[in-house]
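Submitted below is the structure of interest, expressed as structure tokens.
Each chain carries a letter (A, B and C) given by its place in the written order, and its residues are counted from 1.
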Amino acid sequence: MTFSTMLSTMADGMLKTGAIFFLTLIGSLPLGMIVALLRKSRFTLVRGIISVYISIMRGTPLMLQLLVWYFGPYYLFGMNIGNWRFPALIVGFVLNYAAYFAEIYRGGIESIPVGQYEAAEVLGYTKTQTFMRIILPQVMKIIMPSITNEVITLVKDTSLAFTLAYQEVFSLAKQISASQTSFMPFVIAGVFYFVANYVVEIAMNRIEKSMDYYK
Amino acid sequence: MKKILALLLVLTMSIAVFTACGGSSSDTETSDGGDQYGEGYVFKHGFDLDYPPYSYRDDNGEVGGFDVEMAKAVCEYYGWEYESVPFNWDAKDAELNAGSCDCIWSGFTLNGREDDYLWSKPYSDNTQKIMVKKDSGIKSLADLEGKKVGVQTATSAYDLLQNDNEEEGGQAALANKFESLEVYETYTIAFNDLKAGAIDAIAIDVTSGNFLMSNEDGYTFLDEDLGSEVYAIGFRKDDTELCEKINAALDALAEDGTVEKIAANYPEIKDYITLGK
Amino acid sequence: MIIEMNNIEKHFEGLEVLKDISFGVDSGEVVSIIGPSGSGKSTLLRCATFLEKIDGGEIIYMGQKAAHTDEQGNAVYVPHHEMGKFRGYCGLVFQQFNLFPHYSILKNITDAPIHVQGRSRDEAEATAMELLGKMGIADKADAYPYQLSGGQQQRVAIARALAMKPEILFFDEPTSALDPELTGEVLKVIRQLAEEKMTMVVVTHEMPFAKAVSNRVLFMDGGVIVEQGDPREVFENPKEERTRQFLRVFEQ
């Protein structure tokens, strides 16, 4: 196999890695916020369910969760899981990352002084307005470093998709390495993850900088 | 507490799954009329892409290998549609049982698993060997005493070295004399360790071993075999009809020369293909 | 009357903080509330501005009931959608300013008029600039709160409350968080508002200020109004022993 064939084969895997990465963020960033808000729900039952959900997501390996999501429907309900591989992967990633993001959001929300809520309430802001206009922008600034950490972890975690034999860059690296008895695919994968994270870092730095206009 | 957690895990996940894929649940079982495997049947070939040259990424980066070409030939023979289902080898049984694939056809060792699957006829011989550096001074299995030996996880070489039933050819007694048995995710990594001198030998099936050595000088197999085995296709135990169809197709393809033609593409294993011999 | 609070009861976890308090404020009146910490002054303000719910009694703004006690003895507020009107009658200036740190000074003042009251941006900004001018910090419109001194921030907070055009403005110890040299500039602004006949209730420890600016002084202790009246009378000739004791501490 020529180097360029290797690269172009793996480029396909990079696109798939990118798909996992972006779909996970698109799903888990908002879902994490919903989870964080539900965690503060008035209803004990809701709070209980959410806190169990968060402990399971954080307390078990993501690889295991992916297997459960993929094979669960068959073992529990005898369903045909033919086209379920990629959806299961995304569900697994989104729910796992939402739990982590939820905890980050919660920390951020709790760090906003109560005076901010009171000032908004006295000025007549509705609960939604208070959250969207006053609280959330401040939370975002506070949590951005933690979010950056998670996003970087996510780039690397996408490789866990090999568990479900999804042909992302790491699975391909393993396969090509096996067939070519070469380490080069792993080097390519390593460079890819490094560059991807470098881009993530630059992007996140920009976002953090854009929030630097106040203290 | 842990039990409760586990129960809740299953519950929450199952609820979510139930809502998520409710739509696709209707076609779990195809109608079992007489012609289930007629023309147009979608044959789902389950295999591991880490197992050259039976199933792997070929030099063009495409999914290929002897087993893949054979499966495609069978599909062509019956007018079936071929669907490739690459899976993670550790999850092969779950994949097969869950129905995401029709069979495990991926250099799959029959020996020791006789009762676990419904087996096709064996199509390839594969002996377990010990690979060493030519200048290592290791000449026999007995010389492995006090040496570091590498093996890939979930392979028959690995099973052989774990098996202490000598009637089945188990080699656990030998493995106990090693300084250590190093278990690797892939043979590629094990081979690198052998090159680097981190281990002294690799327990491996002859075809995989030949494949690894094909581009490298300085390595050899011990003359003594570690064990012998055959490859066959594993089906779910109740899929008798499918199994019989595949067996019939294998015979037919052996007869008309297709097998030989395909095997010619894989010089490192063609001598071991037993179909039609 | 702008506001009337009758027989207000409030307790926190069994502790009675307000015990059957009644008081009202007329248009243009400036009322100072003094008293030791824990006497219920701040709680009274927070009840008046709906940050805390009363447990009994009634709150009437501009002759309209915002809250009353039903036959079972529970305090009942008007439905949610009517609360906005009542919140609009009152403004509150906090001890800790509570400006929105991510908004510029101008936006701190215009955001609520635009998004809560639905005023036009032009109108809101004109009002804001006028108020900032009055506060003597028109040049800070584009600055952010962290760039301002405490005294300036508190003046912005006052401008923010005034921009909502409230009928009455409450101050909860507006100078307590400030360095002594900065209290003067805030008190000056409040004094100026008093001259313009802005209706105000000021919880304060600044006795000379309370004496000079207010039309009426309330002395609170232990969740009740111990004494109230003309400032000169309360300060110079208090009727109650507790008032005398309290004022003596301050004279030292």
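To be clear about the criterion, a contact is a pair of C-beta atoms (placed from the backbone, for glycine too) under 8 Å apart; a residue touches a chain by one contact, two chains touch by 3 or more.
The structure presented is a predicted model; accordingly, all values stated were derived computationally and were not measured.
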Checklist outcome for this item: Max Cα-centre separation from chain B goes to chain C
Checklist entry - Which two chains meet at the most C-beta pairs? => result A-B
Item to check | Nearest-to-centre chain - CA centroid comparison | outcome: A
Checklist entry - Between chain A and chain C, what is the separation of their C-alpha centroids in Å? => result 46
Checklist outcome for this item: chain A to chain B, mean C-alpha position gap in Å, rounds to 34
Checklist entry - Cα centroid separation between chain B and chain C, in whole Å? => result 79
Item to check | Interface residues, chain A side, partner chain B - complex | outcome: 1, 5-6, 8-10, 12, 49, 52-53, 55-56, 59-60, 67-69, 71-85, 87, 91, 95, 162-165, 167, 171-172, 174-183
Checklist entry - What does chain C use to touch chain A in their complex? => result 49-51, 84, 87-88, 90-92, 94, 96, 98-102, 111-112, 115-117, 144-146, 160-161, 164
Checklist entry - Contact residues on chain B for chain A in the complex? => result 5, 8-10, 12-14, 16-18, 20-21, 24-25, 27-28, 44, 49-53, 56-61, 86-88, 91, 94, 97-100, 185-188, 191-192, 211-212, 214-216
Next on the checklist: Show me the residue ranges of chain A that touch chain C in the complex, using the header's touch definition.
Outcome noted: 113, 115-116, 118-119, 121-125, 129, 133-134, 137-138, 141, 213-215
